[in-house]
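In what comes next, chain A is part of two complexes: it sits with chain B in the first one and with chain C in the second one.
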Partner chain A sequence: MTDLVPFVVAVPIFGSVLAFAAGIARPKTGWPVAAVASLAQVAVAGVLAAATFGAGPARIAYVVGGFETPFGIELVVDGLSATVLVLVAVVSLGVLAYARRAGPRSNAFYAIYMLLVAGLSGMTVTADLFNMYVFLEITGLTAYALVAAGEDSRSTVAALKYLLVGTFGASLFLLGIGYAYVGTGTLNMADLAAKLADADPVLAQAAFALIVVGLFIKVAVFPLHTWQPDAYAGAPDTVSALISALVSTVAAYALLRVVYTVFGAGFLDSTPVARAILIGGAVVSIVAGSLLAVSQSEIKRVLAYSSVSQFGLILAAIAIGNDTALTGAAIHLVGHAVMKGGLFLTAGVVATETGARTIDEFDGLADRSPVAAGAFGVLAVSMVGVPPTVGFAGKWYIAIGAAEAGSWALLAVIVASTLLTLAYFLRLVERMFFRAPATVPADGRSDGAETPASSSTGMYATVVGATVCAVALGFGAFVYSTQMQATLTQLLS
Partner chain B sequence: MMEALAAKDYYIASFLLIGIGTYVMIAAGNLVKKVIGMNIFQTGIFLFFIASAYVEGGTPPLLTSETPHVSPVPHVLILTAIVVGVALTAVALGMIVRIYDDYGTLDERTLKEVRSSD
Partner chain C sequence: MIDTFVPPFVPVLVAALLVPFLSRRTGHALGAVASAAVVPYVWLVATGAHLPVKLFGFHAILLNVDPFSTLMGLIFGLIGAAGVVYSYASDAENIQTAFALGYVGTSLGAVFAGDWLTLIFFWELMAATSTLLVWHYGGKAVRAGFRYALAHGIGGTLLLAAIIWQFAETGTFLFGSVPGGPETAGLAGSIAPVLAALGIGVNVGFVGLHAWLPDTYPRPHIAASVFLCVFTTKTGVYGLYRVFPEHGNMAVAYMGGAMAVFGAMMALFQNDMRRLLSYHIQSQVGYMVAGVGIGSALAQAGAFAHVFNHILYKGLLFMTAGVIVYRTGEERLPKLGGLAREMPITAGAFTVAALSISGFPGFNGFVSKGIIISASHYMHAPLVTVGEFTGLQVLLLLGGVGTFMSFIKFGYYAFFHGSYDGTVKDANRGQAAAMVAIAALCLGYGLYPEGLFGILPIDVTTNPPVGHVYTTYTMSHLTEGVALAVLGVIGFVLVKAPLSGLGRVPDVDAVYNRVLFYGTRALVVGVTELYAAVDRVVVAAASATAGVVRAPDAVAGRLLGDTDSPVSLRADYSTSILVVAVVVAAFVVAITAL
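After this line comes the complex of A and B, so read on.
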């Protein structure tokens, strides 16, 4: 079983190379190769998750290259990383089903796509801080390239901005690793946790600040989010869905992992500034993200700013740091990925069918594109946090966690975030279902370059699948929270 | 004071590079200069790692050589980081070429004007 761990990185890399090589022999062969690799990835991730949550050990560890633990690069799968691993595999497979018709269709695109999956999976399983940096950069590089895959040059400018800001963040992360390494002489997370307690506190604090701020940029926490709306809005629909669902999610997972596995709950208790950074980022993100989302007119930008606000919630859960809140963080990470990925894909379907890309153009969408409007409505309601959806489950656990920890101010912000989410989604739902469609046909617009086309079964299947998941996962949340107990006890000890 | 500073000259240089790089990334109007700034910034971090690995009178980490040995890990880490940096620069320059083809400018302000007009 332990030998299976490196395959979560190897399978997508192999798929990526194969997709690229197949393109040399015959063009347009990338999709089937990527689909097979994604299916294999889902299988590997599923087996590992079954082993972690089933009767097997709660922590599967593998040391690459036959070294011993503190020296070699260790890969670890526990309940939390297994969750994210399955999420990455399933979402990338789902988006692939959507991409078959929606494109981009070149082999290079699918090669980079699988490389992104490899980077994300690597970040999830690694237990070595520098290895995490390398995977963070692989994820970053591929994400920049994917954003630039759009036809229009707007996506290239967005991608360059993303690259400059993202590299800055990853470099701060690297500098933080440098401080931790100077203080302890080790890079293995478990070993670092043991040695950081005896290290110079100034070095430990500097390392914490640099790593956390570096990851804040990757997660897109306000005010370090500036790359994110441009990148999401400029990228092709397929790419915005994939990146919004996975890249920030895995960065937030990395933040959780670094804060609790490397620095530990004890460090947060003994360093009030550290917790203050997390709480500050969370509160500002929740409020500012929502307010910015309300003021947007383009659908994809509304969704992008909504992510800024939702990741504020996850940050709040990380700052609270008890069992309940961290369960909520894990559920909301998964829930947000499914809902936001689904919303971007639905927005893509709407744009393909009707050409509607702004809020005004969503008027009376229920008549023109009933399935897409229905899916968008359900996902939006789930994002607001109406029971029994997964959006409710995540927010519920985070809110209960805040109450248990006695942080009433934070609880107030969390509850208020629900209302703020309602503010920007209700507007859309109202326009879709209760207004007459605009009489102007979609072809007379300045940006209406794309002609209305039909959506494929794969596109609809993905959108409907995401919607069903958003509701069904809400029912599974309670079972999941009991399954997570062993992992969280280990994480917080 | 001066002696304390002189003993840390590499660290001072590395943080100067980080500062200069950040400033260039923010202040330069030309996109290529922004990428150069990014490179200077990263070089500062590389220097930080290498300076931290310096051992007075250190020898290569071979069993046959005398102690004290130098830890090879920071050098290897930075070798990896340099490769990552080269890849980033390549991707960034590729995008800049495409932006220049589309808009005919590399200046940030001109780019903003061109984009808002179309």
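After this line comes the complex of A and C, so read on.
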């Protein structure tokens, strides 16, 4: 079982190389290769998750290359990383099903796609801080490339901005690792946790500040989010969905890991400013993200700013840092990925079928594209946090965690976030279901930039699957929270 | 004696349901028989008869026969039957008599209740049926009916609050006197009796809470007034006894005294016949309230004796006033006069009733009022004493003088003063029958008080239960009765001239009707204005928000003072990097310096 751990990185890398190589021999072979690799990845992740949540040990560790722990690179799968691992595998497979018709279709695209999956999986399982930086860079670079895969100049500009800001963030992360290494002389997370307590506090604090700010950029916490709306809106629909569902999610997971596995709950308790900054970032993100989302006119930008707000919630849960809140963070990471990925894909389906990309064009969508409108409505309602959806479960656990910790101000903001979310999604739901469509020429958009096309079964299957998951996962939240107890106890000790 | 499980309200309410569908003659006959049948029925039902049931899921007792409820049942049945006969003779519609029978039936339900829940249930129904009885007449009675319903709604709610308090304290609604009831009789705790006294105070017309009474009773049909004057206030006295069954309450006793004086005084100012009689209800009920408040066995016996007698003579008075209205169409005393020659039967009946209510020796009022005054003389810890009289006794005697004065006024202006223009027929046969029967009872119980003593719940002729045995005709009692009459005559002669120049004297309702009206209007205006203000603020905020949302860059431009060119709010590359640098610098400084 332990030997299976490196395969979560190896399988997608192998798939990536194979897709690239096959492309040299024959074009348009990328998709099947990527699909097979993704299926294998789902299988590997599933087996590992089953082992973690099953009767076996709650923590599966593997040291690469026959070294011993403080020196070799260690890979660890526990409840939290298994959750994210399965999420990455399943979402990338789902988006792949959507990409078959929606494109891009080049082999290079699929090679980069699988490389991104490898980077994300690597960030998830690694227990070595420098190794995490490497995977973070792999993730970042592939993501920049994928954003640039769009056909118009807009995606290129967005990718460049993403590249500049993202690289700056990754550099800060690396700088922080440097400070931590100077202070302790080790890079293994568990080892760092033990030695940071005795290290020079200024070094530890500087390391914390640099790493957290670096990850804030990757997570897109306000006001470090500036790359994110452009990237999401500029990228092709397939890429928007994949990046919005996974990249910020895994960055937020990395933040959780670094804060609790490397620095530990004790560090937050002894450095109140650190916790204050986390809480401040959370509150500002929740409020500002929602307000910016309300003021957008383009659907994908609304969804992008919505992510800023939702990751504020997860940041709030990390700042609170008790069992309940962190359970909520894990649930909301998964829930947000499913919902936001689903929303982007649905927006893609809508754009493919009707050409509608702005809020005004969503008028009367229920008549023109009923399945997409229905899916969008359910996902939006779930995002608002209406029971019994997964959106409700995540917010509920985070809110309870805030109440348990006595952070009443934060609780008020979390509850208010529901109303703010309602503010921008209700507008869309109202337009889709209760307004007559504006007079649109029968052949689609008047400027002829995009001609309506039909959506494939795969596109519909992915959208409907995401919708069903958004509701069904809500029912599993309680079982999941009991399964997570062992991991969280270990994490917070 | 008969064993039964049928509460006496059942036949009356059944009759009430049937009357609207029968002919006038048959319907009224049925109503009179059903009501009259209650008299022998409750007379024969053994004390202690019970009908335990579940009402709304609580233990309740629909039929609880003890001497107090028996007395109430006897007189309610009797006057109910007389009232129906009088209604028939006074051209009352079937539907009105049906409401009246409903009112009689629910009153019977209230006085035969064995628990507070049943009591309040019938109490509220009584208020509802009597309101319908008032409303049925239409015209001015409708608005008065609204005020009546409002007053009784408030009173009933206060009583209900007291009853809920009692349930919370004791865990049961049952009376203390029934099997399974709580150990102490009356309402438990210190708050519940106060709430109950205030709630019942509306029904019996405590001074200040009484304004509905002279407001409502003069307005409906003349036969409806006969019913109204009997049941609500007297059921109130009975309820007050259930709240204070053992030791009375000094405040209630003095409130009774105040009612006796205030009611009689206000009555003296009135020119409308039925309004004058209405104030006398308050005054006479004051005697009963005083009796219940004193709380000695003699006083309680006196109170219930007075309930019995009062129903007879007050019903009779409303009948005579009704006949005058029926025959002349005139409500106001100054427009009448010299009717003694025109309507000898009515004048005779009135004289009997007036002497009874004033407590002249030989009439039934003399007997029961005497018991209460005697009890007030012997009362424990009387607070105030004037010579050998207690303060309460003085009030009750003053009330007696006022009663004489106002009935001399009534009789003088209606029957003896001047002469009537034209001819007026006397009461018709049915009216005469009802009046003569009741007048005979007034006289009979006056001359033969032992007949009354026999049905009283407490025997006043032996010691114990009463501390001071009561003998009706003693020299001092006779002197007292005659003295009151003489003082009344002298008083009337003195005030006759100033009274005739007096207009309408305002009562407390002049104040609280206005307060209520303008208060409600202020509340409504305040609420709507507040709503409008909030609405304006919300609308302004919403449109401002919409402006920001629709064109944030234009708003930002306006904020920066540049009204023409909107400011770009999107961060370009350099701004993004600058923001990151600033944030990381601030973070590092904050975390390492603090």
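In this section, the second predicted complex is superposed on the first by the 486 of 493 C-alpha atoms of A that agree within 3 Å, B and C clash if a C-alpha of one lies under 4 Å from a C-alpha of the other, contacts with A are read in each partner's own complex, and residues count from 1 in each chain.
The criterion applied here is as follows: contacts are C-beta pairs under 8 Å (C-beta built on N, C-alpha and C of every residue); 3 or more make two chains touch, one makes a residue touch a chain.
Note that this is a predicted model, so its numbers are computed, not measured.
Applying the stated contact rule after C-alpha superposition, one finds that A:Val202 touches chain C and leaves chain B untouched.
Touch criterion met: A:Leu224 reaches chain C, while chain B stays clear of it. Once chain A of one complex is fitted onto chain A of the other, the partner contacts of A:Val182 are limited to chain B, with no touch recorded for chain C.
Of the two partner chains, chain B and chain C are each touched by A:Phe168.
By the touch criterion defined above, A:Ile277 lies against chain C but remains apart from chain B after alignment on the C-alpha atoms of chain A. According to the touch criterion, the shared surface of chain A, contacted by chain B in one complex and chain C in the other, consists of residues 160, 164, 168. Remark: chain B residues 18, 22, 25, 31, 34-35, 38, 41-42, 45, 48-49, 52, 71, 73-74, 77, 80-81, 84, 87-88, 91-92, 95-96, 98-99, 102-103, 111, 115 touch chain A in the complex. For chain C in complex with chain A, the touching residues are 548-550, 552, 570-573, 575-577, 579-580, 583-584, 587-588, 590-592, 594. Chain A contributes residues 160-161, 164-165, 168-169, 172, 202, 205-206, 208-210, 212-213, 216-217, 223-224, 226-227, 230, 271, 273-274, 277, 294-295 to its touches with chain C in the complex. Chain contact summary for the complex, chain A toward chain B: residues 130, 133-134, 137, 140-141, 144-145, 148, 153-154, 156-157, 159-160, 163-164, 167-168, 171, 174-175, 178, 181-182, 185, 187.
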